[in-house]
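Please go over the structures that come below.
Here subunit A shows up in two complexes: once beside subunit B, once beside subunit C.
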Partner chain A sequence: MTTTTTTPGPVTRVRNAARANWLFIALGAVAVVSLVRIVTDTNDLTSVGTIRAAIIATCPILMAGLGGLWAERAGVVNIGLEGQMVLGTWGAAFFTYHSGSPWVGILGAALLGMIGGLLHAIATVTFGVDHIVSGVAINLIGVGATTYLAEATFTDLEGGGPRQLIGLPTPTTIDRIPGISGSAADLADKHWFFISDVASFVAALTTKISLLSLVIFALVVASGWILWKTSFGLRLRSCGENPQAAETLGVNVYLYKYVAVLISGAMAGIGGGFLALVASSGFSTNQTNGRGYIGLAAMIFGNWRPGGLLAGALTFGYTDSLRLRDTHAVHSLLLLVAVALIAITVLRVVRRQIAGAVAMAVPGAALLVWFLSTDSVPRDFTSMTPYVTTLFVLALGTQRLRMPAADGRPYRKGSAG
Partner chain B sequence: MKSFNPRAIGLALLGPAIAIVASVLVTTLVIAAVGSSPGDFWSTMFDFPKPRSRVDIINQTAMIYTAAVAAAIGFRMGLFNIGLEGQYTLASYAAAAFAGGAYLSGFANVFVSLLIAIAVGAAWSAIAGILKTTRGVSEVISTIMLNSIAITLVGYLLNKYGVHEGNTVHTTRIDLVSGWTPFENRDGEIWTLVIIAILAGVGFWVLLNKTRFGFDLRASGQSETVAKASGVNPHRMIITAMALSGGVAGLIWMPALFGKATNFGLGTTFQAGLGFLGIAVALLGRNRPIGMLFGALLFAYLSVKSNDLTFATDVSPSIVQITQGVAVLAVVVAYEVVRRWRARLEQRVVSQELGTATEATA
Partner chain C sequence: MRRLTKLSAVAAVAALALAGCGSSDSGGSDGGSDKPAASKDVCKTAKGDGPKIGLAYDVGGRGDQSFNDSAYVGLKKAVEEFDGSCVEGEASDGEPESAREDRLRNMADSGATAIVGVGFAYSDSVNAVAPDYPKVNFAIVDGFDPDTKPNDNVAYLTFAANEGSYLVGVAAAEKTKTGTIGFVGGVHNDLIKGFEAGYVAGAKAAKPDIKVDVAYIQESDLKGFGDPAGGKAAATGEFDKGADVVYHASGASGSGVFDAAVEAGDGKWAIGVDSDQYLTATTAQKAHILTSALKRVDVATYDFIKTVNDGKPATSYTTYDLKNDGVGYATSGGFIDDIKSDIDGYKAKIVSGEIKVPTKP
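Right after this comes the complex of A and B.
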C-alpha cells in the first residue's frame, strides 16, 4: 500500500455489478420457472396461492437465518437458533393469550428467544465454550423448557392442552391494496409467459398478507443497512473478522458480541412467534421442526449476506410450500431442477470444466428420466427437498463462500498483542 | 495418572459437581416458578427405584451409552457428528427390515442384522465425511440435513414396504432374543444385546489408548497440523472416524429391537431421540469411557424415574429434559472455568520454580 487515497469509482462499480448480477439471476429464475410452468401445463407452480404459501413458509426460515447472520457476523456460530426459535413459539402464545394482543406476543417471542441468546452469549463469549457444544445444549434446553412450560401453563386454558394452544388472535392481515391487488391478480390469471408469474408475486405480496410478513421483510433490509452502512455495524462485523484488531482500535468486543447474540436470539424468537401466530392456527409443541437449522443453511447458502439469505430462504420456502400443494406441481419441479442442472452443465462445458460438467450432467439426466417416466412424486420425497437442496448447494458452492474470518473461533479479552 | 494427586482429582470432579448443583438449582427454580412443589419432585425422584424401574434404567443406560460412544469417536477428533439421530434411525430400520425378512435363522439372523445396522450407519455418516473432505462442507450442517433426509426416507420406505395395521405401519415381526430376568417376570428382563454397550465402551477405550489409529485420532483432534506433519492423512482420518462413529450409532437401538420391540415402527415401537441424548452424555462425560458411563446412568435414571412423577406429583415428566439440558450446558461451562483456573495454577507453579532456579544459579 503506497497510496492512502483510493477512488470510490471501481468499488461502487463492482458493487453495482454485483447487484445487477443478483437481479439478473432472479429474473432468470422466474423465466425458467415460467417456462417449466407452460411446458408442463401446471399453473399451480406460480399461482397466487402457491406464492402466498411460499411467503408464509419463507418468513420463519428468514428470521432464523437473520438470527444466524447477526451472530456469525460478530464471530459467534449459533447452532442454538432452533432452541431459541422453539422458545419463541411458547413466548408468542403465552404473551398473546394473556395480553390479548398478538404484537405483545411477538415481543414476548423476541424476549424468550433473547433469553436463549443470553445463555449462548454467556457460555461462548464470557466462558469461551465451543460454540457448537453450547448451541447443542441450548437446543436441548429450549425443547425441554418449551415442552414443560406448555404443559404447566397451557393445559387448563381455553383452547389449550398440554401440547397446544389454539384460537389466539393473529396479527393484522392486509386484505388488498386498491389498484394493485386486483389488476395483478387479473394479470396472473392470464397465464402469460413471465408477466403473469411476476404479477402473481405482486398479487401475493399485496393481497391477504400478514403485516408481520412485511415487518419481517423490513427487518432483513434494516439488518443489512445496520450491519453494512453504520459505524455500529462496522464495529460489530470487525469482531467477526478480526477481534484482536478491533480490540486495539478500542472496540469493546465482548459487548458487541453480546449485543449481536442477543439480537440473534430475538430474531429467531420472532421467527418462532410467526410460526405460532401466522403460519399455523396456534402453538403446538416442537412446532419449529428443524427450521432453525434450515435458516442457518439459508444463511450459508447466501454467503453470510442479507440478499443471499433472502434468496436462500425463498428457495427453501418455495420448495417447502409446494409439498403442501398439488403433487402434479412437484412433479414439474423435477423438470425445473433438471433444466437448471443441465444449464449449469452447458455453462461448465463452455468454460471447459469437464469434471464439473459431468458431476452436473449425471443428476440432471437422472432427474429428466425420472420426470419423463413417472406421473407423480411421493409426498415424502417432496418434504425432503429443502434438505437435499441444501446439501447440493453446499457441495457445489462451499468453495466460493466466504464466512467471517474469525467465525466460531474463541476470543479472550486482552489477547491482542 | 502417573501419581496419585488429590488436587488433580479434586479439580477433575469440580466440573461435574458444579454442573449438578446448577441443574438442581435451575430445576427447583423452574418448578417453583410455575407453582408446583419442588419438595415433592425431589422426594419422588430420589425415591429408590422399584425393581421394574431398575431393569428399565439398565436397558436405557446401555442404549444411551452406545450413542455417547458413537458421538465421542467424532468429538475426540474434533468432528461434530450431530447426525447420530438419522444414522441410527436408518440403520435400525434396515436391520429390522432384514431381520423381519427371516432369510437366516436364529443367531445368524441376529448377527447379520447387527452387521447391516453397522454398515448402514457407517455408510450414511460417511456421506458427511466425504462431503467434508472433497467439497469442504461443514459436517455440522451436512449431518443435520442428513438427519431430516434419513427420517423422511425411513417414513417412505416403511409406508411402501411395511406391514400396515390400522393406522400404524411397522416392519415384519421377529423372534426376540430372550434376556435375563433378575427379579420377577413382571418386572421385565435385561436385554441380551445390552452387551453391545459394554463392547462399545471397552472397544472405544482400547482403540483410543492401545492402537495407532486411536493415537492418530487423538492427535488429529488436538492439532491437525501436527498430525499431518507426523504422517497422518487427514482426509482418510475424517472419513474413517465419521464412518466408525456412524457404525457404532447404527447399533444404538439394537438391544431394544431384539429385546422387546419385535419390529420397527416410527412413533410406535422405535425410540427416537437417543442420538441427541448420546451427544449430551458424551459432552457430560468429556468423551471418556468411564465419565460417559456415569453420564448415561444419570440420564437413564432421570428419564425412567420421571415416569413416577405423573402419579405422585403435579410436575410433568418433561421437566427432566430441562435438568438434562442445563446439566450439559453447566458442565461444559464448568470444565472451561476449571481449565482456565488450572492453567493459571500451573503457570504460577512454573514461574515459582523458574524463580527459585534462577536464584540458585545466581
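Right after this comes the complex of A and C.
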C-alpha cells in the first residue's frame, strides 16, 4: 500500500519480473523432477503418496522458518524456535484434550509458543541479553518444562502417560474435492511427462489433506504480505535494518520487536501443534527432533524471504519423506541434484558469472559420475540425504545472502543520539 | 556489559535448573492430590528396608509404553515384593558417555545394591563403573561385555528378539492378502537388524514368495526411537506400496506406525513390539494391532533383582528366548486366534532346535 505508492515504476517492474522468475523456477523444477522420474523409472519420486508425505514433513519446518523470519526481520535472532516448538507440542495436546477441539489446541500451541517468545523478548529486547545465549536458554527451558508438564498433567489421562498423550482428535481433513481429486489421481497414475507430476501435486493438495496444512501455507502468504506490503510490516522490518533510523522517525522499536518475537514464538508453537496433531496423532516428549533448527536454516538459506524459506522447507520435507519411504529413490535423487546444479551452471554461464558457474559445475559433475557409476547409495548416506540436498540446493543456489542489517545487534532506546 | 553477563548467566542457570527438574527423577513429585496412588511412580513412595535398586533408563524413559516401561513393571514388582526402595535416572538424547557413567555412580553412591541399565547403550559405562563398586551388582538389558576382561558383578540380560520376531513374521505372512508386508526399524543397528532378520525369516518360512519392504527411520541417531512423525511417514510409504501388515521395532516412534495403519484403513495391520501394545493403544488403533512381539524385559529385570535379594546375584550372560518364555507373541484382540496353532507349531520347532532363526538380515 504505502510501499507501492511511494515506489516508482521500475521497481514494480523488477518485482513483477521476480515473481515471474519464481513461477518459472517452480515449473522448471517440476519438469526436471519429471524427467529424472522417467529416466530412472522411479515413479515414487512424484507419487501422490510421496507428495502428501512431503507436505506433512514440510509444514512444521515451514512454521519454524516463518517464526524465524518474523523475529529476524525485526532484528532479533531467535534460535529458541526449537524450544518454542516443543512448548507448542505440549500446548496443543493439553488444550485439545481438555476442550475436545483440535483448533482450540492449535491456539493453545500458539499461546505456549508465545510464552516462549515472551521470555526471549524480555531477555533480548528489554534486558539486552545476547540473542544466542537467550535462545539456547529457551531451548533448554522448553524441553525441561514440557517434560515436567507432561509428567504432571498427562500421566493419569486416558491415552496418556508420563511422556505421551495419544488418541487426540485431529483437525479437519479434506477427504476429497469432487471432480478434481479423482481425475487428478487418475492422471497421476498415467505417469506421463510433466502432466502427471502436476496432477500428483493437485491430487495431493485436494485429497486427504489436513485443513491445518492449508492454513499454514496461507500463513506464509499472509506473513509475506504483512511484512512487505503494509506500513506495519515496513516499520517492523526497519527495526531489523536500522533501528536508530526507525527511532528517529518515531517508530516504537521496543514495541515492534516485542510484537515480532511474540508472533515468532506463536508461529513456532503452531509448528509444534502440527507435529502433535497432524504429523502424528499425539504428544510425545521431544518429538520435534531438531525441526526448529532446520526451519531456522531453511529461513537463512532462503535469504530471509518467505519464498526462499518455503523453497528450503519444501526441499527438506520432500527429501526427508522420500528417503523414509523408499531408500532406492535416494539414488535417483543424485541425478536430480546433479541436473539441478548443472542447470544453475548453464544459467550462470549465460549471465557470465564464470566463478559461480565453476562452483556449481564441479559438484554437479561429481554427483553425475556418482549416479552413473553406482546402483544404490550407501545406507549411511541415506539418512543425511535431506541435510545434504538442502545444503547443496540452497547454499549453492543462493550465492548472495543478505541478512537484515541490524540482525542480532543489541539496540538500546535513545542510542540514535 | 557486566550486567548483561550476569543476566545471561542467571538465564542459563535457570534454564539448566528447569531442564534438570524435567528430565531427572525429581520431576513431577507433587503430582496433585487427586491422582490415584497406583499410577504414582513407585520410587517416589517406596521406603522399604529391602534392597535398594537403581534403574537407569535408556532414551525414551519411563512412559514409552514399550521397552523402558517394561523394565519399570519388573522393578515395581520386585520393590513391592521385597519391600525395597529404588532410584531412577534417564538417558537423554545425544548425551555423552560420561553422563551415563555419572548416573550409575550416583546410584551406587546413594546406596543402591542392584543397578539395572536398560539398553545396550549402557554396556560401556557399566564396564567402566562396575570395577569401582565390587559390592554392587549390575545388570544390563540387551547388554554385552565390550572387552575380554570378565566382570564378576555384572549380569548381561540378552533376548532372542529374533525368535519373537520370527513368530510375528509368520503371523504377518499368514494374514497378508496382498503378498507384501513391511518392517519399520527405529535405528539401523545390530540389535534392530536382529528383529528384521527374524521377521523376514518367519514370513518367508510361512510364505516363500512374500515381499518384505524394509525401512529404517534413522541410520545411527538414537532419536529414531522417539520420532512418531518419522514412523508414520515410513509406515505410510509401505502401506502405499501395497503392504498390508507392518511390524515396527522403533520404540516410541511406533505410535506413528499404528496411526499409519489406522489411516490406511480396514484390513491394514500393524504389529507392536516389546510389550503387548494392544493394551496401551487408543480405541482406533486397537482394531489395527494384529499382535505384538513380546520381549519380557519385566521378567528379566525382576529375575535379576530376585537373585540379588536371595544373596546369589546373577552374573555373566543370561539369555531369554522362546524356551524360557523370555520372548513370545501377544494374542490380545483375538485377531490371530485362527492361526495360533500354526504359530505355535513354528515355536515348537524353534524351541527344539529344528529351526535356527538368523540374527542378521
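Simple rule for what comes next: the second predicted complex is superposed on the first by the 362 of 417 C-alpha atoms of A that agree within 3 Å, B and C clash if a C-alpha of one lies under 4 Å from a C-alpha of the other, contacts with A are read in each partner's own complex, and residues count from 1 in each chain.
Note that in this section a residue touches a chain if its C-beta (ideal position, glycine included) is under 8 Å from a C-beta of that chain, and two chains touch if they have at least 3 such contacts.
These numbers were taken from a predicted model, which means no experiment stands behind them.
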Superposition on subunit A - do subunit B and subunit C clash or fit: clash
Which superposed partner A:T390 touches (first subunit B, second subunit C, both, neither): first
First (subunit B), second (subunit C), both or neither touched by A:G144: both
Subunit B versus subunit C as contact partner of A:D380, first or second or both or neither: both
Touched partner set for A:P162, first subunit B, second subunit C, both or neither: both
Which of subunit B and subunit C A:I79 touches, first, second, both or neither: first
First, second, both or neither for A:L296, with subunit B first and subunit C second: first
First, second, both or neither for A:D130, with subunit B first and subunit C second: both
Broader residue contact with subunit A after superposition on the shared chain, subunit B or subunit C: C
Residue range of subunit B overlapping subunit C upon superposition on chain A, of 255-263, 291-299 or 345-353: 255-263
Intersection of subunit A interface sets (partners subunit B, subunit C): 123, 127-130, 133-134, 136-138, 140-141, 143-145, 147-148, 151-152, 162, 290, 380, 383-384
Subunit A-facing residues of subunit C, complex: 4, 7-8, 11-12, 14-16, 18-23, 27-28, 30-32, 35-36, 39, 41, 60-65, 69, 93, 188, 215-221, 223, 226-234, 236-238, 240-241, 252, 255-256, 259, 262-263, 280-285
Residue ranges of subunit B in contact with subunit A within the complex: 30, 34, 36, 80, 82, 131, 135-138, 140-142, 144-149, 152-153, 155-156, 159, 276, 279-280, 283, 316, 318-322, 324-326, 328-329, 332-333, 336-337, 340
Subunit C-facing residues of subunit A, complex: 44, 47, 49-50, 53, 56-57, 60, 123, 127-130, 133-134, 136-138, 140-141, 143-148, 151-152, 155-156, 159, 161-164, 166-167, 208, 275, 279-282, 284-287, 289-290, 320-321, 324-327, 379-380, 382-384
Contacting residues of subunit A [partner subunit B, same complex]: 79, 119, 122-123, 127-130, 132-134, 136-138, 140-145, 147-149, 151-153, 162, 290, 293, 296-297, 300, 378, 380-381, 383-384, 387-388, 390-391, 394-396, 398-399
